[in-house]
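As written, the chain order gives the labels A, B, C and D, with residue 1 at the start of each chain.
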């Protein structure tokens, strides 16, 4: 059994983390934090936990938390806040799994440009590991600070990593047309995400300027060893959870679908949550919602010059909290799928 | 042709008012106001008006507006703000149609209790007319200040007015179980109405304490001449627009459905927007959405002791902006249905 | 470990049963049946089960199933089909948990009136137990044939059982205004439930004639010992899952809220899935979705003459498949909550 | 005033046609047809028309309809059925506006491949005009048979026509990633579009094989004079109406956004329903729903080598019935925008 703390439980990823951790056979949740006016029982915030978890959420004070014999600290905090708190836990030898963007981007100039804030914990960036187990399982095993990937990057990187890694993509930009549920925008008072604005609507937003662009580029270039151009267009869709990503990749040489499927199956052969669909099947959000899976389907253009890869994930699980627990499993030596569906 | 101003265009009722008024053959929109940082073209706020209406929204300053030769001023302002501005227009002989609650409740003590603010324009309450044309058409004709009804009260009062007026309801409380779309809560930054909280959810709220309770009671007692008890339970439903109200009324004496239908048809014979459904038909939101209609269906319990009356309205039209234009039509001597569907 | 079969996996309750049973530590799913053209892997029907369950669904043939060493047979079949198959399993000593209506209504004349078909297994009705554990746990322990309750009856009966049982309800009809998600209508090709008809719509339907009315009456009269009148109005709401029931009960004598809460807490003290909310809190669908809970909140009218009781359940769990597994737990001697959230 | 008939009123496009035509100042609806068991009043099918249109729908019999002095016949019939009926009206000199696909594809071999049925009215294909007024206004003026475009082709062709026409697109395939509301699939009993399957889901479907692909290719090649390759990926989104199309076009030479905007504005200068957004603005479904507009926004990649064009239409208006009335206006010599918003 390990003891964990979840810091920041008022957002959707914090709530989902508690749900996942409660179902985990080797985890005991020892502390929850939130910025309430006063200490508040978690079951008063989320009645679904009545009788299942009766912890009191308190404000996040590192010293107080450090006294609680915690093994793993999950930071489900806003960007900027994470990097204020993470160092205090790392310095005391705790494992920190950070769901914010603060430790994902290695180039702080890029981080500062896209997030509009100064990075205040640069010295911890070197040791942070990008928590995408399908690419970095061995590094994650030894990590003390995991930068849990963003939801869009998870669906986008997994869509094209085998092609990029296999040097099969041409130099044309990789097109990533992503459709996300609204919980991806967080749980906050924002007129742009109220029901009346989002329901019966679809919109593209932050086209060409979304903060997940450098994260995707960094990781694809890491895989490739070269510059990778992407065109990333996020769309807001009136569903609660899930991201469907439709990737269009120009192939260096014409390739048939069976060849591509074989490539993907080989690339992900040790990735228990990646589900490669057979020819003719295409993933839908409903295939993966409430699971930690990333489902992948592939179609090839008639002339075999282009691959269309479609990935589906649950943005709150494989795109955030499920992946965080997957990382925890790897670090703690548990089976990678333990407590996850 | 008359000239109108719409004050407060950032909310859903203001937007809907513009749509309705643009389609009205006898109306020219001369002024729009909103609290923006700087004067802003309406088509920059709502691209649907590109090429159809190119007015600039300015801050609401009564003196400035009064110079524009306006005949009718629509106030789509928050409660409290309306009563600050209405007097200046009334005093200058303008017709004011106020979509807020400020001039609906005749008893200011009740208003102050339910709205939590002091009433600052009490002297105008005497002359305000409750703008429900199905009950008060003659008074509305001569009104200078119309208190446009709330959305819930419109659906609730029209559901039971014929029974209350006909002295057919017993002394048991009238039960009004109302289901509303989310635009009824306004267009504002409120975590409680973001998509992630509202979609795939249903909730009852403000049970027994909703601010529309005294408004419904006031009007039903007005019709009845006696005290009328109601139990009013509003529910939030994940649709953009529409209210379905299910009313349960204990009848003084057992009555058959044909008798009730005849009563309702007679009561509403001069009400062009009220649609009484035939036996066996029950209104749905989709029957009335984008119209100014109130559709009414009736079912009688097996023992004929109770009537179940179901009304459907579009909360933004018959429950707000359509009704406001219906009131304008009556005051201005236009056909009651002009410009409305 | 027990072995189970799920018969009828193409509907929503069958799918949900598989999900719940897969998470149950003491259950092994040994057989699945469905009416496909040919034997079909479950993971081809529902990709979410890829790698988790790779059974092949075959047509339901009792003899074939009986050879598989099954302990409990779940029938997630349409009404009428269940009663064709249930006897063959009961006769061989299997436990049958039937999710259809076929064994719920003890009076076959009533069944035949509401379901429009002849009852062909009347001799099994005597031994069938209505599977609402909050009322009949002891009977369920010894049952071989469980008639798993309908979704609406579960939310309605649990709402008012303490008042009916405690002789606190007056003779006025109990009003049950229920709002259901669309999966309650099943998974079938029906124009009435396509997205374009249901989204942005609310409708009442089968008012006064719904087939769940006699089921609710039968059980409330069973509790009461007397005739109980109900007015039951089901509404279709554009959510996937969940039922919110708003019950209005006239009290024999004025009662305060603390008194009612105490009554409910006492009545349900051995019911682990019933969550009685504190004064001022009202359940929402989102509190219970994906759980087997029935959340109950109570409000009392100002004059204390009437109680408004609001219950929330997940129609596919507490209203169907979760409750079925709860019944299985009770019969098999497992902890009542095992494998359920 | 002209007299019109709407054939096929049970689908979404037929219903929408009636709504639009009722609001048209120069149109009198004289006949409605549908396959009901018996003649049925339209207001019994759609209660929203109570008091506004009281025609009786009868079965479609050409001879009967021809006696009614109809000027324009709208065929809102399924594919295959349209081509059975259209000839009888054309031969008698009526204007036929066909909303099916039957007269869109000039190459019947292609039609037969994609629609899986034999074309039985080939001799009428020569005279049919593809009813996209932004491209073919002059031809439409003289047309007797208008093949009203499909919903996806409308949004896709308008997105890229200026670039194709201006020879500015490179030879790389044009990528058309389209997101459609569910009414695009029609109003029919199909398990795939019931609420429970569509809500909270997103899916790509018919990738590379959708029947609108040859329609888009035919028209783009018509504009270009050369072969045009497209990759078209339709996605089903849980909204009732609207299509957002995100097009990715590789440019022959690097071009700045102002240059592209100027090109689009020039190309569409006589297209009253096309709204080109200013730099930095991107259309959303809600900008165009309930209007006949096609809103277009453009973004250019950082290296100016690629344009991302986003179009939004209401699939039932500009994508079907609004466009049909726009075509009628052009043929009848009315202002192109008459009766349309």
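Quick notes on this one:
The working rule: a residue touches a chain if its C-beta (ideal position, glycine included) is under 8 Å from a C-beta of that chain, and two chains touch if they have at least 3 such contacts.
Source: prediction; values computed, not measured.
Here the chain-to-chain distance from chain B to chain D, counted in touching steps, is 1.
Contact with chain B and chain C alike is made by A, D.
Set against the Cα centre of chain B, the chain with the most distant centre is A. Work out the mean CA point of chain A and of chain D, and you get 39 Å between them. For this pair, chain A with chain C, the centres built from the Cα atoms lie 36 Å apart. Between the Cα centres of chain C and chain D there is a gap of 45 Å.
Shown for chain A are the residues that touch two or more other chains, namely 197, 199-200, 238-240. Of all residues in chain C, those touching chain D in their complex are 12, 182-183, 187-191, 193-200, 238-240. Residues 23, 46-48, 50-52, 199-200, 272, 275, 277, 281, 283, 287-288, 290-291, 293, 295, 341 of chain D touch chain B in their complex. On chain D, the positions that touch chain A within their shared complex are 172-173, 175, 177, 179, 197, 199-205, 207-208, 229, 231, 233, 235, 237-242, 244, 246, 248, 250, 282, 284-286, 289, 299, 301-303, 306, 308, 310, 312.
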